[in-house]
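Have a look at these structures, which come just after this line.
Below are two complexes that have subunit A in common, paired first with subunit B and then with subunit C.
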Partner chain A sequence: MDALLQHLVNGLVLGGTYALLGIGLTLIFGLMNVVNFAHGEFYTLGAYATFAALALAGLPFAGALALALAAGMALGALTERVLLRPLRHESIETVMLVMIGLWIALQNAELLVWGGVAKSIPHPFPTAPLTLGPVSIAPLRLAVLAAALALIAGAHLLIQKTRFGCAMRATFQDPDTAALMGVRIHRVRAATFALGSGLAAAAGALLGPIFLVYPSMGDLASLKAFSVVILGGLGNVWGATVGGLLLGVAEELGAGYVSSGYRDAVGFVIMILVLLLRPSGLFARAERVG
Partner chain B sequence: MSARRLRPRAAAWAVVGLAAATAPAWLPSPYHLHILIMAGIFAVLAQSLNLLLGYTGQLSLGHAAFFGLGAYTSALLTLRLGWPFWAALPAAAVVAGLAGGAIGRLAFRLRGAYFVLVTISFAGVIALVAQNWMELTNGPLGLPGVPPPELGPWSFRSKAAYYYLVLAAVALAWGVTARLVRSRIGRALVALRENEPLAESIGVDATRYLVLAAVVSATMAGVAGSLYAHYTRFVSPEVFLFTYTVTMVVMVVAGGKGTLSGPLVGALLFTALPEALREAVSWQWQMLAYGVILVLLVFFLPRGIVPTLAARLARARVPAPVADGAPGALLSEAGPAERPGRR
Partner chain C sequence: MVRRSRPLILALAALALGLVALPADPARAQAPVKIGVIQPLSGPVAASGNYVRMGAEIARDWINARGGVLGRRLELVIEDNKSDPKEAASAAEKLIVRDRVPALMGAWGSSMTLAAMPKLEEYGVPMVVETSSAASITKRGNPWVFRISPPSEMEALGLEPYLPRLTIKKADFLAVNTDWGRGAITAFGDVLRKHGIAVGAVEFMDQAATDMNAQLTKIRGTGADTLFLTTSVEQITLVLKQAQEQRLQRRIITTGGSSSPDQLVKQAGAAAEGTYHIVFFMPWFPEAMPEPRLARAFVEEWQKRGYPFEGLTEGFRGHDGILTLVEAIRIAGRDEPKAIRDALWKVQLMGLNGPIRFEKDGPAGKESGQSRPSIFIVQIKQGKVTLPDFVARR
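Take a look at the complex of A and B:
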């Protein structure tokens, strides 16, 4: 029982960042119809930005997180402008190939800049775990969970309560009508891609100090993000939030009770089962972006 | 096709055939022969992916799974059970083909991005099993000492002999694909690619034909895997690397999907290009260039090298139709319509 509680807590920490990755990808996938294979590279970018901020520049943790978010959004906006806008009338497969090209190029650019050796990020939190009844958790992990939940809440408020969020939801429902109503859909698409990329970078900034940072770390992150999106349903932000937390917990339970070698198989199996049995996601009747 | 277009074509084929048949004699070093052998193995793989991506329009990003299954089946049968290569190769083909059929039956309930994601997932699961099932696959350490093929008194230990084996496989893959896509089945596949509801309305059973294509495609990938295992004599979970799948996609798209010679051109070009770059730059730059080239290709040569050249040649001669079997040849110039996931 105690072990179960411990797995649940560890799963929630992982799941919070998976939710960030998933929300970013589901916005891009749902609103722009782009299968973004480069999503994990923004995650890697965030992790390296955090490494630079904490280890090289000596910024506080919140500053590092803000820097990662900003770096992800900037690269995202650039990607949308240079690669995606010219291809917006092309088929989904064509755009997917371009994103695969971007993914390979970015990953190897990171390898050139940072080298292939995994780096660990020094963080300012004490290493002694906090013990809460039967569960113990490192202060770093607690801070990561809190930051992830705050970012998720921020994303929800942005989408549900602001004028920009309203424009996003309108564009998701029907881009042509939204454009006729005066929504500048080019800007909405650019901002959506930037926001999604920024959230992925933030997830990298949060998980980077827990694990190690290396150039190919984004590959797994992309796959997790796709699992979360499939689990939650395309373009469904609430679904991605719950799906991310579920995937994190399921992985911890799988690693704890089945075999740690098959931890990453959990996401694959979930993706196959959901796609074959309920392709519109587990929460199809829940509220969508639109 | 008019006789006027046929003659230079036949001459070109004769030259290519002659050059390929005599390659071990005129290539300057075993290293160049090695590159040609790898290009041949990749040509079989690229042709296998082309059958799906080019002729049915379905992008499988799990193709390395069939390559890896073929490699492991062949290596395990020869190492553990002492089978000869000539029995292990067909067995590898059958195992990969069966897997292709099983996965295809499930995955072809979906289209577009959903299909792509399911193929990635299946490949991911198979790769994790290869990595974790220590008793069978020796895990990440891999299987060393895979024996080279023997045929009576001859051994295929030499590069020249292995080259002819691979050449025969390339010719076979070509022949099977050509025979298939020019048959009634091939016309059904292209009809499904161009307009699935229309094709189904005239009685084309989508799932049946797509699964058939997946079985043939996976079988070819399994053959390539077996050839790879007995050439490098070592199999590890790296054969499942996503990089192999991406390489196949790049070769097919760059060469020209939906053409018979496109994957061959792509395989030759993209095996030789990294090797040529190797002397000039480090391998990180190679992969960086690879990604950039893929992006540029989609932007500037979306139809691939072979269809673009064919169209240009045809325009230079007389107003002629689009290259044989190229995307858009059947119904319209427009690309295949987007296929949303089935609900």
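Take a look at the complex of A and C:
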């Protein structure tokens, strides 16, 4: 029973980080229909930006988080302008190949700049865990979970409640009509990609201090993000949030009670089941086609 | 080739017909002796692979400063296996076929080495294995493989003399889910059981996994006193940090010799306090190594080049591997793959780790070479790497 409680807490905290990775990608993959294999590299960029800000420049943690977010958004906007806009009328496979190229290029650039040795980000939180009965949790992890939930809520409000969010939803539902209605769809596309990339960078900034920072750290993050997006349904921010938490708990329980050798398999088995049984995601509402 | 005993006219004819053939002889005497090196220079274990490369380059420069080998310059042809077994196999093929190297050193990880091995047999080129520790490497009947790193069985036996003083009653295992990790659990588990020590949880983690809380929660419930940890230094760092977050009270012993205690001190901080690490080179105490003068010179040269100190526990492997191959080429008297293979059996030298000499291992008639490396144990105390109290200084 004690172990079960600890597993559940571990799973929720881990799931919060998956959710944060997932919401950035659900905007890009779900709304923009870009199979963004480079998503993990924005996550890595955020982690390295945080490392530079905290360990090299000595900024406070909040400043580092803001810097990472800004760096991710800037690179995201640049990527959209240089790579995606000229390819807007190309097939999804062409765009996917370009993104794979970007993934490889960014990862090797990180290796060149930072070297292969993993880096550890110093953080201001105490290292002694908080203990509640049989459950212990590091203060840093709680802070990360809170920040992740705040970012998720912020993204949701931005999409659902603001004029920009309205323009965004309109653009991806029907670009031609939106353009005729006066929506500057180029800007909306650039802003959406920048927002998604910025969220990935923020995830990197939050998770960097918990884990380690190294050039290939984004690979696993990309995989998890795709699983979360598929679980939650394309373009569904709340779906991605719940999907992330579910994936975290499922993996944790799978590792705890089945076998830790199959930890990642648990996540992918769930993903395959969702694709077979509910292909538009766990939380998809009935949708009119055509 | 033109033989001098043949009539002059024949020589002239050959000269006229095949201009390439004659000048090749003096040119070959000047051409460098090549050794191919396969290491993970990018990807998750890139740091380790680059340290091995640096060590190999120090050995090369030292050998060239002493006049090279067979009177020729030594050249390393270095290929990146990208921490990926598939790439390791194609790197081996490229080095053998395109660069025509007569011998190889590689390929760091057990899975990478195992993937490159069929190519050695296919083309008949020997390889010195400098890091990999899966038992299967020398058991597959590949007579072109010569290993200077200890397989997990030897490492476990190396720990045996210390077991009484470690007073372990029950131990858990956490290892990376690869040939190496699974092999280490079997090897150390066998030695522990032989000494009447119970084995509790046996847990695995994916090579790229970053969150090990599930495994640690399970381990927390077993009531054991010791945790054996087998994985790369990156994952060791994460496990130590997460064990601290979960208040896991255990004596932690890392195996495999890739734990880089300095890097752990730097990156895991207080979480690394009190942990034990099995290592194959102790740059902190060169005087305690089997060949103190060589060890000190290597540590000094490494630092003079501005390489990070924490890389030394990997870098020595590159030095010893190249030294072994060069000695074999010297004994063979020529840089030809089969001659080098035969000469490797006659190599007897002192490397940084200690004596290197190959014994036969694997199925009869197709044995691989296995050296018996020295094994050391260190402890992190007050943020410093120390010799544990129970290890008497030599």
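As a convention for this text, the second predicted complex is superposed on the first by the 285 of 290 C-alpha atoms of A that agree within 3 Å, B and C clash if a C-alpha of one lies under 4 Å from a C-alpha of the other, contacts with A are read in each partner's own complex, and residues count from 1 in each chain.
Basically, contacts are C-beta pairs under 8 Å (C-beta built on N, C-alpha and C of every residue); 3 or more make two chains touch, one makes a residue touch a chain.
What you see is a predicted model; the values in this text were computed from it and never measured.
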item	value
Fit or clash between subunit C and subunit B when superposed on subunit A	clash
Which of subunit B and subunit C A:S259 touches, first, second, both or neither	both
Which of subunit B and subunit C A:H7 touches, first, second, both or neither	second
Partner chain in contact with A:S280 - subunit B first, subunit C second, else both or neither	first
Which superposed partner A:S120 touches (first subunit B, second subunit C, both, neither)	second
First (subunit B), second (subunit C), both or neither touched by A:F268	first
First, second, both or neither for A:M96, with subunit B first and subunit C second	first
Touched partner set for A:I104, first subunit B, second subunit C, both or neither	first
Partner chain(s) touched by A:D176 [first = subunit B, second = subunit C, both, neither]	neither
Colliding region between subunit B and subunit C, picked from 25-33, 97-105, 331-339 or 367-375 after the shared-chain fit	97-105
Footprint overlap on subunit A, comparing subunit B with subunit C	108, 111, 219, 259, 261, 264
Residues of subunit C touching subunit A in the complex	41-44, 46-47, 49-50, 177, 203-206, 208-211, 213-215, 217-218, 220-221, 233-234, 237-238, 241, 244-247, 263, 266-271, 308
Residues of subunit A defined as touching subunit B within the complex	29, 35, 83, 86-87, 90-94, 96-98, 100-109, 111-112, 219, 223, 226, 230, 259, 261-262, 264-265, 268-269, 271-272, 275-276, 279-280
In the complex, subunit B residues that touch subunit A	57, 59, 106, 109-110, 112-114, 116-118, 120-122, 124-125, 128, 131-132, 242, 246, 249, 253, 284-285, 287-288, 290-295, 298-299, 302, 335-338, 341-343
Subunit A residues within the subunit C interface of the complex	2-3, 6-7, 10-11, 14, 108, 111, 115-120, 127, 129, 131, 136-138, 141, 210-212, 214-217, 219-220, 251-256, 259-261, 263-264
